[in-house]
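Okay, so subunit A shows up in both of these, paired with subunit B first and subunit C after.
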Partner chain A sequence: MFGSLASLQPRQLAAQVLNFALVLSTAFMLWKGLSVFADSSSPIVVVLSGSMEPAFQRGDLLFLWNRGQETQVGEVVVYNVRGKDIPIVHRVIQRFGGGSTPLQLLTKGDNNAADDTELYARGQSYLDRSQDVIGSVVGYVPFVGYVTILLSEYPWLKTAMLVFMALTVVLQRE
Partner chain B sequence: MADARISPHALPDLKSTTDDALANYLRSLHFRQHHAKLDVRLALGYLGVAIAAATFAADYRLGWDATKRWTAVAVCAYAVVNGGFSWWIWQVEGGCVFEGVRGGKKISIASKTNKHDPTYHLAVTDAAGATREVQAPFTAWFTADGFFVARPFQQWLARSVGAIGEADAKNAASDAGGSEGGEIAAESEGFATGSGEAGGVETKGKGGKRLKRKG
Partner chain C sequence: MHNTLTRVQNVFGFFTSVAFAVAAAIAMSVLLSPQTPSASLELRNVQVVKGRPHYYSTKREEYAHVKFDLDADLTSLFSWNTKQLFLYITASYPSSDPTIIPPSEAVIWDAIIPSDYAPLHPNTYIHPTSKTAPKPKKSAKGKGKKEVGKPYPAGASPGIVRLDNQKPKYQITDVSGKIAERENATLTLHWNVQPWVGALVWTNTKTVGRWQGLQGGEAKFAFPPLKGTEVKKDDLKTETGGERNRGSPA
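Let's look at the complex of A and B:
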């Protein structure tokens, strides 16, 4: 299998490696381009829990848009709890401020009994729209996100996938 | 490379094996290869990769908010560089597989194949800028089970391309090992057309088995 690589000139080997590097780079830059377009650090997120059922199920893929700063009650937003890196997808049930004062939001999962006050950081009672929220949900695709859930629950899958992709691209001579 | 076996039905494999053999053959005839085109392609490609790597590093270290503006710039820069890279491959390289100089004379060779047609097309441009096209079926230098045979390939090249013939008089002479080459070509053509006549995609495997039983 690697015999075909051994017979390559150094420049050709560099060209084959470049093919794989470009696959990774282009995928990454497309993601960053989407982030810039949506003005969100993570424009596509996966629903991890059932707290928004029946609207969203675990494994749904959500598309976010962060350029609408006037978030209304009833919109579904994704936010990061201060200090933690886990995005939470819940619905806005109250809003305060807006206009000249910073907009503050209170959220609650559709399928939860209580609002999110318990989830926020200690001493925090409301979300700051400009700082905590990474976007409002503008669309979704069901089930597709399960791949991401699998990849994060079994990290060796990520490595295996990358190795497989690398071998396929570097050994291909088209 | 002659020891490596490829699938004789995969056109990209046939073409890339032949391209590599062409470059090796010309280098053995003391053609000095110019790598300018490949170097520009590598430079453009790795520049794009560098931009992506720098963006990744900045985002990892400083987070999204701090790097938002630079990320936007980097995405545009990457799009431009990648576009240039693709344009370079498509337009400028245009299938070029060898560019070199021998005895002060420059030669430039581009190869191509058409879909589902096992014919190797070469466009040879000499120092004066005139381009000549030659072609031959892959069966002339590949056996039916996918081994590359150098001799008939070199003979075809030496006979069809003037500059190569001048460099390699032995292969340019029609009869030098011609019968040997002819036999290989006839054998492979016979087997290849045999499996072709059997017809259809499904019987290609059967053609291979047929060959082994006879051998």
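Let's look at the complex of A and C:
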């Protein structure tokens, strides 16, 4: 199995490595390009909780747009709680300010009876549109993102997938 | 060229391309289905009281309780790509400086109306049945099947909403704590169509192609002065929705 790898010319090996690096960098640049286009640090998110059911289920993929600073009530926004790194997808139910003052938003999940005041950081009663919100949901594809949830909840899946991919690459040489 | 791995790869690649193309076609086809939404929204009663509207309120503040009538026909919003309709009514009022700050807005009532093809979910709007309708007969078995209400009146289809003197789901508070005697407030009906796949769509008031703008669905009012102690606790009760997570948010 490994004999076939060793029989490759150095130039062929280098070409394979370069190909692989090109694929990786293309994927990375597509992601970053989309980030710039949508003006969001994370333009595609996966729904992690069931707090927006039945609209969004766990594993759904959401496309975000962050160029509309005048977020309206009823829009679904993705935000990070200050100090934490978990994105939360909820709907805006109140807005104050805007224009020349910071836009303050109150959010609530469709499947939560209470609004998000308890989720915000200590002393914070409202979200700041320019600081806390990553983007507003404009598009949606069901189920596609469930793979990422499985990968993060079962870490052995990640190693299993990598081993499987490495095996197929090596075995294809035959 | 003809080993199993290549064939599996080809099949999987073809499956992915076709699935993507079909999803894109479904998402784009929504533009072809005509929409003719219409609604009539009227304010029934508004009261402003001082108290603690939320369970986490630490100090007393002024809050408003708005009751309304709604008669809407939004059946044309339900196309083959509609998973659910999120209907909501907001009250908006001018800010402290209308020239540079846009109006403040708050949702007072919302409802999730799923399409008939959507899988059953407990978080669904249950349309109140009219009191004069005959009550369904109790089942002959000892433990009868629980009658679950539908999100539309009996005999209608999803999108028809007829509410009379409807209590709100949320009280309106202002960030300053004062909401009494504010003029030029507006009650507006909005919706958000959640598709099976594709772009989320919100209320359109202007006609775009086959989609007509919403006719009606607005009511102007003014917040009255603060009421004293004559307000009964019963009058300020809010409607309970179908949300499953009660208590602190997850």
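Remarks
By definition in this document, the second predicted complex is superposed on the first by the 158 of 174 C-alpha atoms of A that agree within 3 Å, B and C clash if a C-alpha of one lies under 4 Å from a C-alpha of the other, contacts with A are read in each partner's own complex, and residues count from 1 in each chain.
By our rule, contacts are C-beta pairs under 8 Å (C-beta built on N, C-alpha and C of every residue); 3 or more make two chains touch, one makes a residue touch a chain.
Computed from a predicted structure; not experimentally measured.
Of the two partner chains placed around the shared chain by superposition, subunit C is the only one that A:Y140 touches, whereas subunit B remains out of contact.
Contacts of A:V36 after superposition on the shared chain: subunit B is touched, whereas subunit C is not. Set side by side, subunit B and subunit C differ in how many residues of subunit A they touch, and the one touching more is C.
When the two complexes are overlaid on their common chain A, residue A:D85 makes contact with neither subunit B nor subunit C.
Once chain A of one complex is fitted onto chain A of the other, the partner contacts of A:A15 are limited to subunit B, with no touch recorded for subunit C.
In the superposition on chain A, contact is made by A:I93 with subunit C only, not with subunit B.
In the superposed pair of complexes, A:F28 makes contact with subunit B only, with no contact to subunit C.
Contacts of A:D116 after superposition: subunit C is touched, whereas subunit B is not reached.
Once the two complexes are overlaid on the shared chain, A:E153 sits clear of subunit B and of subunit C alike.
Note: no residue of subunit A belongs to the subunit B contact set and to the subunit C contact set alike, using the contact criterion stated above. On the side of subunit A, the complex with subunit B involves touching residues 3-4, 7-9, 11-12, 14-15, 18, 21-22, 24-26, 28-29, 32-33, 35-36, 39, 41, 173-174. Considering their complex, residues 49-51, 53-55, 70, 72-76, 91, 93-101, 104, 108-119, 125-126, 137-142, 168, 172 of subunit A touch subunit C.
Touching subunit A in their complex are the following residues of subunit B: 1, 4, 12-13, 16, 20, 23, 35, 38-39, 41-42, 45-46, 48-49, 51-53, 55-56, 59, 63-65, 68, 71-72, 74-75, 78-79, 82, 85.
By the touch rule above, subunit C contacts subunit A in their complex via residues 5, 23, 27, 54-56, 83-84, 86, 88, 90, 95, 100-102, 104-107, 110, 112, 114, 118-119, 121, 123-124, 170, 174-175, 190, 192, 194-200, 202, 240-241, 243-250.
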